[in-house]
Amino acid sequence: MQFLSDNAASVHPAIWDALKAADAPDSPYDGDGLSNALDQRFSDLFGKPCAVLWVATGTAANCLALATMVQPHGGIVCHEEAHIEMDEGGAPGFYLHGAKLLLAKGDGAKLTPDAIRAVVDPIRDDVHQVQPHAISITQASEYGRTYRPEEVAAIVALARERRLAIHMDGARFANAVAFLEATPADAAGDVDALSFGFIKNGGLGAEAIVFFDAALADVARYRRKRAGHLQSKGRFLAAQLHAMLDGDVWLTNARHANAAAQEIAAGCEERLMHAAEANELFVRCTADERQALREKGFGFYDWGDDAARFVTAWNTPEEHASALAKALAAL
Amino acid sequence: MQFLSDNAASVHPAIWDALKAADAPDSPYDGDGLSNALDQRFSDLFGKPCAVLWVATGTAANCLALATMVQPHGGIVCHEEAHIEMDEGGAPGFYLHGAKLLLAKGDGAKLTPDAIRAVVDPIRDDVHQVQPHAISITQASEYGRTYRPEEVAAIVALARERRLAIHMDGARFANAVAFLEATPADAAGDVDALSFGFIKNGGLGAEAIVFFDAALADVARYRRKRAGHLQSKGRFLAAQLHAMLDGDVWLTNARHANAAAQEIAAGCEERLMHAAEANELFVRCTADERQALREKGFGFYDWGDDAARFVTAWNTPEEHASALAKALAAL
Amino acid sequence: MQFLSDNAASVHPAIWDALKAADAPDSPYDGDGLSNALDQRFSDLFGKPCAVLWVATGTAANCLALATMVQPHGGIVCHEEAHIEMDEGGAPGFYLHGAKLLLAKGDGAKLTPDAIRAVVDPIRDDVHQVQPHAISITQASEYGRTYRPEEVAAIVALARERRLAIHMDGARFANAVAFLEATPADAAGDVDALSFGFIKNGGLGAEAIVFFDAALADVARYRRKRAGHLQSKGRFLAAQLHAMLDGDVWLTNARHANAAAQEIAAGCEERLMHAAEANELFVRCTADERQALREKGFGFYDWGDDAARFVTAWNTPEEHASALAKALAAL
Amino acid sequence: MQFLSDNAASVHPAIWDALKAADAPDSPYDGDGLSNALDQRFSDLFGKPCAVLWVATGTAANCLALATMVQPHGGIVCHEEAHIEMDEGGAPGFYLHGAKLLLAKGDGAKLTPDAIRAVVDPIRDDVHQVQPHAISITQASEYGRTYRPEEVAAIVALARERRLAIHMDGARFANAVAFLEATPADAAGDVDALSFGFIKNGGLGAEAIVFFDAALADVARYRRKRAGHLQSKGRFLAAQLHAMLDGDVWLTNARHANAAAQEIAAGCEERLMHAAEANELFVRCTADERQALREKGFGFYDWGDDAARFVTAWNTPEEHASALAKALAAL
């Protein structure tokens, strides 16, 4: 009963069907019909013009998006536990040519306007200190917390006021949309670019960078090639994105994973470190308790010395979720 | 009848089978069993210890390999028409942090020791000029020419003499091996790293960086993550590489493509700009002749004003090749 | 009565004499006799082989030194208030191609082995997190605190144990040596490179990067040119360094500045935020008190809302120091 | 009798006077009165608004200027023998984060609109090839040739037509202005930024980056600090620039050097490889002839196997020039 990582989960059947369907000769790189149809497809989803690039990883999506917004001498305000700070092996430093991450604090790995101001306001407006050029927020956050549309709007407003660009890391954007019961447009607000993740949600190897400003996408196209991310058989990445949007597979998958997380959470409310708002649960438990869970067949990561992380996926069997809920309740 | 690009060709069935077989949960990134088995698999193929990293594109393979060999203040000797110079959107400048390509001349986009010396020898050994740190050669070359094992050996010997690292871009390494009727080890010689391409040869989205020096691979692992190329479901890339090596699919595919090229070449020997030694043909023909060919249903790229490029693939139908041979002979 | 910054102070007369003496034609860049004599000069001072490069700023000295020790995908452990983190406009990100500063805490902006371990030990040894490649400490620190030789030795020992390179930012190294009454060799310990500052200590525009590992200097020479820091009339930078070492001008100057700081400190011991160990004083005082001091003619920077920073220089008049001491005592 | 390099020449007395005059406490970095007065000073000289930054080397001036115009994924059209390509140790690759130099040909190391088109026109407008973002020309060129105002205007017009930024490397701009008997404004034309050199013309260690677009200067200020080129006692660099402009020292010096070059050229017209239009002469002569010249006491560099380079300076004694003219005539 696997709760280690949604990265380890299987690929959704619709993806396989789409891949096979795409296996006819077409123009290489992103010149094929499927790639060309993405802008319209996502524009329909968001109800506003989008320019969309596929890319194979969330790290590349985040860094390519940010590279269009931040000069090498600038900085990006992000949470001190954001993926771009903690888990991307320094990729922002590479893609942004040494631009600096300016770290803010906040419960549940979420930023607030106040937290952003606390980072930005003390920066002297002189050349000795790195000036902020952009803000990056994560929807859902590293701790599975979501930003309500009004929270996103408040941060976007601050960004506009300070003339900062704004990016959303949406590696688990689907889970956030599902939890919020909001439209994608409301969950993303007026950010300049969104890394819209599909891989953790049943995909194989394609994420979307959704630009709401076409000028940024024009830059990103060059940067994607320059980073070796323009795959020659790009139709297979485009096909995955289409398959996910067809019939709202992305949303169905996320709802399933979220429901599993809710069921487990219901069994251990008082142990939760962070409210369950997506498909990740951070549960306080001792080493002995973790040992007991593992002996019952549950796979998961330790989270420090006093907690465990459980991640549900689009295909988590309901009986696994209920078994875990019971096991946690029985601790 | 398509001769535009081997990038546009379909994916080999063995790849699809391997992908589906890999669709069980396993450790994310490169922690899975298939990824872990690659070193041994390629070591067996080359008959010496290899450390192997999968990556999604040839551009990433080339640049990650070179980034382990070249300091940012150094240079790489390569042919003036090498892929890294002409077709990678400046990726070497990005991955190598501004290191410089030092351009050499040579027939058929092949380097020789003399051509390399002509670039390296005039460089003053002082800080005002960029010093060479490595050599990169392409097997088969941009014009479909191959290096005989003794030609590779002579270049490697020069590299050692000058204390330069050496990389081989093998986007069409399979075609070179097939043409040379050599072992992979002999076709690669004693280079430090080889970008071993599979995508043009029937793959979907996985190339291998084969390091013959494990210390370089250890650096490349960090650089791959930093470049956003460590895919979270890496088992699907590893599976492709295994599928290609199983039963020598890679070699069978390359032999097929080469045979098609040979058949076509036989119909137009006197028009060939470069000897046919892989799966690319550069054929002198006028605009009118090209028009006539297109009207007969052949797809291909113009090559400047006076020539056309035809590329065969692992699945080029024999009747297409013979039709093209006849059509060219009849011009 | 100026206590704003030692950067604002005048240039020592010995520097002017040396500059005029150097104003004869000689080889450009660093080919002149004065530049060539630097290695021996500093080797004599430190009692061990040194390779020395002049450079015009402390920022360039720090970053060029670090660039020889740290790969672009690596990190540098430094204090969270270190100059390289706070005041160099992101220069380490530029010179080190996106390498990351890993921030440690510590009283008086000093690191300890424990503080370094607290940063390094939690870093997982995998490619998702930036691995430390070096440590940088500042002698004297941003708060005018010095490392005793045994403190330096303990940090160097930790660096060796963890296979990390180690750099010392010595923008005020002279003040540290003067305060410690140690030899330069003892004050620097066995670091790999020292940014030995002279500009704040009466120089005009020359700092020394002292490499105790000649191989690092060989890399730095290329990086210096590449950064546009190889001045064509380099003899004028070398001349400044010689003038500072001649007759221990550097030490005399530092002792003067330190003595002035001590005199002032004696008037306000209980107000000091940090022990006075060099030429900087951080003095708790209210806005009203600062106003009163300014009305008496003292120039200085506010340090947050509740303190002032006073910096003495090689030429601070004794009567200015005693006047400030009295004024602070009288608050 | 020294004709090796104008870099090796002495510093003009007006510079020394200005340096000493600047040796009073003032604000550090570029906050001093002299630095603040530069914009107006150069605006007066050029008769249009300028924003001016001092910097210690021509390499830094060129690269900082270009970094404001060129994205990391772009390219710069320059002559294949331009200083930025040949003699800056790869500094453009460093400062521009891997942007590429696109090399054009041209007599006397001068570009023409046709030569620029020959580089730019074949570049496919796709992401696989590096797109040009800027043009850089050198006034006077590496071979001491000058661009007439109408030649500059034609290149600027092409730049505007292609939406490329344009930079002028003016390491010897003074010599060009003096030769052309043009105003500085006419000699620079409507370029976006000019590296205005003073060091080869009797300065010590200060060049000016003259931006005719203030927005570029605002970026350059951050990049200068980030590159470690914001000297803390910047008033000494500003003072040099003022001293050079006071009473047209810069022009007087350049006229002297040019006159010496003309005198020498008159003695060897038929041997000149390039017309004498500044202070550099490239003179065909055999190894034996060079040996004979050296025996007569002339210092100079060989230029390949069949020529010698002679550089005159602001202080070349007239008798040295006439002696060399005679010696050359007598060969």
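Going by the order they are written in, the chains are A, B, C and D; count residues from 1 in each one.
The rule is simple: a residue touches a chain if its C-beta (ideal position, glycine included) is under 8 Å from a C-beta of that chain, and two chains touch if they have at least 3 such contacts.
In this text, all values refer to a predicted model and were calculated from it rather than measured experimentally.
At the far end from chain C, in terms of centres built from Cα atoms, lies B.
Chain geometry summary: the mean Cα position of chain C and that of chain D are 34 Å apart. For the pair chain A and chain C, the distance between mean C-alpha positions equals 42 Å. In chain D, the residues that reach two or more other chains under the touch definition are 72-73, 88-90, 93-94, 97, 127-128, 222, 225-226, 230.
Interchain contacts join each chain to each other chain, per the touch definition above.
Against chain D, the residues of chain C that register as touching in their complex are 2, 5, 7-11, 16, 19-20, 23-29, 55-61, 63-64, 88-91, 93-95, 199-200, 204-205, 222, 225-233, 236-237. By the touch criterion given at the top, residues 72-73, 75, 86-90, 92-94, 96-100, 127-130 of chain B touch chain D in their complex. Touching chain B in their complex are the following residues of chain C: 71-73, 97, 127-128, 131, 219, 221-226, 230.
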